[in-house]
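Should a chain be cited, it is by its letter among A, B, C, D, E and F, assigned in written order, with residues numbered from 1 in that chain.
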Amino acid sequence: MLHIFFLLPLLLSASHASVNDFCVADLKGPDGPSGYPCKPPAKVTTHDFVYAGLAAEGSTANIINAAVTPAFVAQFPGLNGLGLSAARLDLAPGGVIPLHTHPGASELLIVTEGLVTAGFIASDNSVYVKKLSKGQLFILPQGLLHFQLSYGKRKAVAYAVFSSSNPGLQILDFALFASNFSSSLITQTTFLDPEQVKKLKSVLGGSG
Amino acid sequence: MLHIFFLLPLLLSASHASVNDFCVADLKGPDGPSGYPCKPPAKVTTHDFVYAGLAAEGSTANIINAAVTPAFVAQFPGLNGLGLSAARLDLAPGGVIPLHTHPGASELLIVTEGLVTAGFIASDNSVYVKKLSKGQLFILPQGLLHFQLSYGKRKAVAYAVFSSSNPGLQILDFALFASNFSSSLITQTTFLDPEQVKKLKSVLGGSG
Amino acid sequence: MLHIFFLLPLLLSASHASVNDFCVADLKGPDGPSGYPCKPPAKVTTHDFVYAGLAAEGSTANIINAAVTPAFVAQFPGLNGLGLSAARLDLAPGGVIPLHTHPGASELLIVTEGLVTAGFIASDNSVYVKKLSKGQLFILPQGLLHFQLSYGKRKAVAYAVFSSSNPGLQILDFALFASNFSSSLITQTTFLDPEQVKKLKSVLGGSG
Amino acid sequence: MLHIFFLLPLLLSASHASVNDFCVADLKGPDGPSGYPCKPPAKVTTHDFVYAGLAAEGSTANIINAAVTPAFVAQFPGLNGLGLSAARLDLAPGGVIPLHTHPGASELLIVTEGLVTAGFIASDNSVYVKKLSKGQLFILPQGLLHFQLSYGKRKAVAYAVFSSSNPGLQILDFALFASNFSSSLITQTTFLDPEQVKKLKSVLGGSG
Amino acid sequence: MLHIFFLLPLLLSASHASVNDFCVADLKGPDGPSGYPCKPPAKVTTHDFVYAGLAAEGSTANIINAAVTPAFVAQFPGLNGLGLSAARLDLAPGGVIPLHTHPGASELLIVTEGLVTAGFIASDNSVYVKKLSKGQLFILPQGLLHFQLSYGKRKAVAYAVFSSSNPGLQILDFALFASNFSSSLITQTTFLDPEQVKKLKSVLGGSG
Amino acid sequence: MLHIFFLLPLLLSASHASVNDFCVADLKGPDGPSGYPCKPPAKVTTHDFVYAGLAAEGSTANIINAAVTPAFVAQFPGLNGLGLSAARLDLAPGGVIPLHTHPGASELLIVTEGLVTAGFIASDNSVYVKKLSKGQLFILPQGLLHFQLSYGKRKAVAYAVFSSSNPGLQILDFALFASNFSSSLITQTTFLDPEQVKKLKSVLGGSG
């Protein structure tokens, strides 16, 4: 016959060893190269492992007819240190996620509604583009320029999942034309015409 | 005025440097600790980055009223080395994915249809269980026992994404009762009654 | 002839560079995904690199006739960030370490006294079991269910070493029957009979 | 008194353990996620650790008045698996390395001759630009758009070193205008005017 | 009532996913930066996870009155990719493991018999030395010079465990005096007297 | 026509995701196994990515006729977490960097002026030595004993770059003869003659 009281010492030492099954981010703490400090285990609840922020459709009433809603560590602290995050893409008909990169992660795209064209450009300038329908997966390797857009007449929804809890997001047009990157440096380093640069800066709010 | 012929040398050296944007698995090659050897870049096509195997509903006409369809590196070789993979969970009403672990990855669960109860048990024996609806995310940290089951009267669909291209999957009941793990060792190391072990082995096909 | 005073500037710059040969844990600081903050180097002494807590035999006067004494980062802060830890296993005759996993590390078992049967179950439900004598080593890969028990009439001692300073420890029976994991969810996700669950919960103190 | 013959057994076991101090790439073997297979240790010579390909000035007689000469693993196989590589930048007066990213590595720039302006754009569209003179270092974090150009009337030389033996190189203009990325997709995903796209494609040789 | 035939499809897909719980080294294959290629899973047996080579005492009938018996990946292929290895140290009275480093791993020393003095020197030239008795643990951080020797009148045994399956071993005296490192370079880079170098080379067999 | 106000929401969410493009060290914070805590992004300026400390020649008016000037994370906090650092070597005629190791990084040496002999000793006691001229690169794998010295009649300059922001530096002679490592332990663990040890300790300031 087993006796619970005899097991308690082992139970306690096992419990003592359990720190770090997970490391829910304390976003107030200073982060470091591997992420945020951990919330004290005693304060962690089920709530820390749930995120409902991707349940609602993002607003596509904007010039790109699209929305990107991130669930990175800043939004979903439970992901801290786990090497995973996600984002929801909403694409109205004609919607487009402009050319961008994730400096710190590869992406796996899962289309859950509608029709999506996704593509990326490799370092050797090869272009990989695919029309995807519901349930199809597409890979966008780390750091490479890529895009998503809807085709067909219906809205589309996709989940992008990433190999980091903080993949980063650099949108090409915003980097060039919504920043204070000087027009002179842009034309020197991209060969774009000054008029083109000026036009897009006026639209996107860039200066310099 | 720019001249294309002057740029070619730089173009070539850039192209030379582009190896390893990705490493599509050559599943015939021997794998190693970090994954499979890469398919020669010249043979890689867009097809290598697309996977349609999760588009169709898995059959739930089985005793668990559920199906797990993996898109790990063995099914989707483009994931090799990227630290990402996925699986589709189909849960008919009453469906359940039995208690299991992924020895090599954390999991992020994305519910895309219906209602799913998911939960895990931490090393200190705390239990984290949550009823999830469409669009909600849930974290299942690496190596911990967890489960998913449908609730409500409708079927449910979820995508599980993993922080490894090969997360592994150890289903508790199969490890104990569908293997040749000797009944004597099972009772010694789990305190289950011999009758219970015998009963489940006869159902699940275990021996020993 | 060499002159010490000329070397001092180089000596100092070398010393300046020496931070981070090691990172003894400051257990009071918040930990992060890669471990605890480092104790200030000036306060580190030889004592931080020594641990005597595994020298004494653990008490086996309990229902499993066995003891696990951990030297993880929480007990031995000098291990912080080094990717190593250890535990001592004491097994009286008939002693058993129940089925368990380490979610965050592989294990290498070194038997130093007596006779030990160790085994693990792989993801494909293959079972690997071996009777080990003094001086023999056995591998228990990361995250897989495994156990150790003594055979023969003498007590046994073994050291388990791990590929992480914080490998974690999830004991199957405690996760199921010493937690508040609801009996209804247990039977649904393990196919165990309700009577079996009730019996083990009463022994191990589980609720729910 | 010491005797060499007694030491030989230890000598041999030490030698046996020495595999993998380094892993010079066998570029003919299939690479994998962590790099190329190792050249057999017995065939490794001092020559494998030396690279003279950056000693000569690269030709800047081209439209960018600049040259990038890589010493990545493909050129310098001894770097395989070491997490390091380099490139030489030659910038004639007015020379520019167009906007580009390294998808797989951070860069540390060391100016050794002349005057160089370097800059990068962060994910939040902040722009960091600095005029550098001989001996100054500049950081270009992983995956972010950056550039280098000479200022002043003299040629400039810099070494870029990378945190990977295969950092990758994606040049923005080549990705867009020297590839077969369709003009329609370019305008949709960058908001550039069709005329601009057409003009640069004709210069850089793009199609589609 | 459960039916085994319904479970088989799930069983198979789980089994399919199980590749890479472990990666037993195929020592004949070319190794790579992360280790050796894996032995085909179908050929793996329990034998691959067991190593008996440390059970026997190493011969200490040599000038150092000591023996180091490694269980690195070359001797114990099951360790491949697991980030762990071990060695057995046998020290007769007066035995010494000369000053050495492990370039690729930290070490945890476990004394199992007798009395051992162990020590290391940090980058700032601090010296950490400790007399250890049975059951005590000592840390030797990665890449730092360290030694072990017996004290007292009895033989001593210790296990060294490492944070890599291939930690490497560079013995200072062998590097200097059992190699073909030229005496001229040795005296220039160590400030040792030529007579001292000549004397130790003649004992240890060095040339150059 | 595009309208900036519609883009702002996306702009903000992108900006929110941009934390951790880099992690400039806050050297006042306690470091951890992966580096220092990050300086708040709002306080980061271009200055954090620039380091001018290697621009000036190090003083070689010392017994080794050489200087090592580090740009590790302690000197150049912007390198924190990037896996890169550098040092400048100045070698007057006859200058020598004595035998040393970097416990935590491999090194790539770039000669930018004069003539340098560099060499390392592998674990199997093979010696790799090379005379290098301007522009040549040489690899010094992690943790192995190595040296650099000038040859010819001119001063030499080289940059050493490392695969860690904190590579460490252990100079053999300082570890042995400028520390308080007891002479008795030195002779036991190195076989050096007591007179040799005494002589070098008196020059380098060692005690014990």
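Just so we're on the same page, a contact is a pair of C-beta atoms (placed from the backbone, for glycine too) under 8 Å apart; a residue touches a chain by one contact, two chains touch by 3 or more.
Just so you know, these numbers come straight off a predicted model, no measurement behind them.
Novice: Report the chain whose CA-based centre is farthest from the CA-based centre of chain B.
Specialist: Relative to chain B, the chain whose C-alpha centre sits farthest away is F.
Novice: Taking A-C as the reference interface, which entry in D-F, E-F or D-E shares over half of its contact pairs by residue number?
Specialist: Same contacts by residue number as A-C, out of D-F, E-F or D-E: D-E.
Novice: On a CA-centroid basis, which chain has its centre farthest from chain C's?
Specialist: D
Novice: For the copies chain D and chain E, give the interface type as same if over half of its residue numbers appear on both sides, and as different if under half do.
Specialist: Chain D vs chain E: different; shared/all numbers falls short of half.
Novice: Report, in whole Å, the distance between the mean C-alpha point of chain C and the mean C-alpha point of chain E.
Specialist: So the centre of chain C lies 21 Å away from the centre of chain E.
Novice: Taking the mean of the C-alpha atoms as each chain's centre, how many Å separate chain A from chain D?
Specialist: 26
Novice: Where the centres are mean C-alpha positions, what is the separation of chain C from chain D, in Å?
Specialist: Centres of chain C and chain D (C-alpha means) sit 42 Å apart.
Novice: Send over the residues of chain C in touch with two or more other chains.
Specialist: 2, 11, 14, 17-18, 21, 29, 32-34, 103-104, 122-123, 125, 129, 141-144, 168-169, 174, 178, 191, 203
Novice: Once you've mapped the touching chain pairs, tell me: line, ring, star, complete or other?
Specialist: other
Novice: If I apply the definition of touch given earlier, which pairs of chains qualify?
Specialist: Taking the chains two at a time, the touching pairs are A-B, A-C, A-D, A-F, B-C, B-D, B-E, C-E, C-F, D-E, D-F, E-F.
Novice: Residues of chain B touching chain E in their complex?
Specialist: Those residues of chain B that touch chain E are 29-34, 59, 61-64, 67-70, 72, 74-75, 103-104, 166-169, 171, 174, 178, 203-205.
Novice: Applying the document's contact rule, which stretches of chain B touch chain C when the two form their complex?
Specialist: Interface residues on the chain B side: 96-99, 101-104, 117, 119, 121-123, 125-127, 129, 141-145, 147, 149, 168-170, 172-176, 178-182, 185, 188-193, 196, 199-200, 203, 208.
Novice: Which part of chain D faces chain E closely enough to touch in the complex?
Specialist: Interface residues on the chain D side: 1-4, 6-7, 9-11, 13-14, 16-21, 23, 26, 29, 32-38, 40, 80-81.
Novice: Flag every residue of chain E that touches chain C in the complex, lowest number first.
Specialist: Residues 2, 11, 14-15, 17-18, 21-22, 41, 46, 49-52, 54-56, 71, 76, 78-79, 82-86, 88, 106-108, 110, 112, 122-125, 128-130, 132-144, 159, 161-163, 191.
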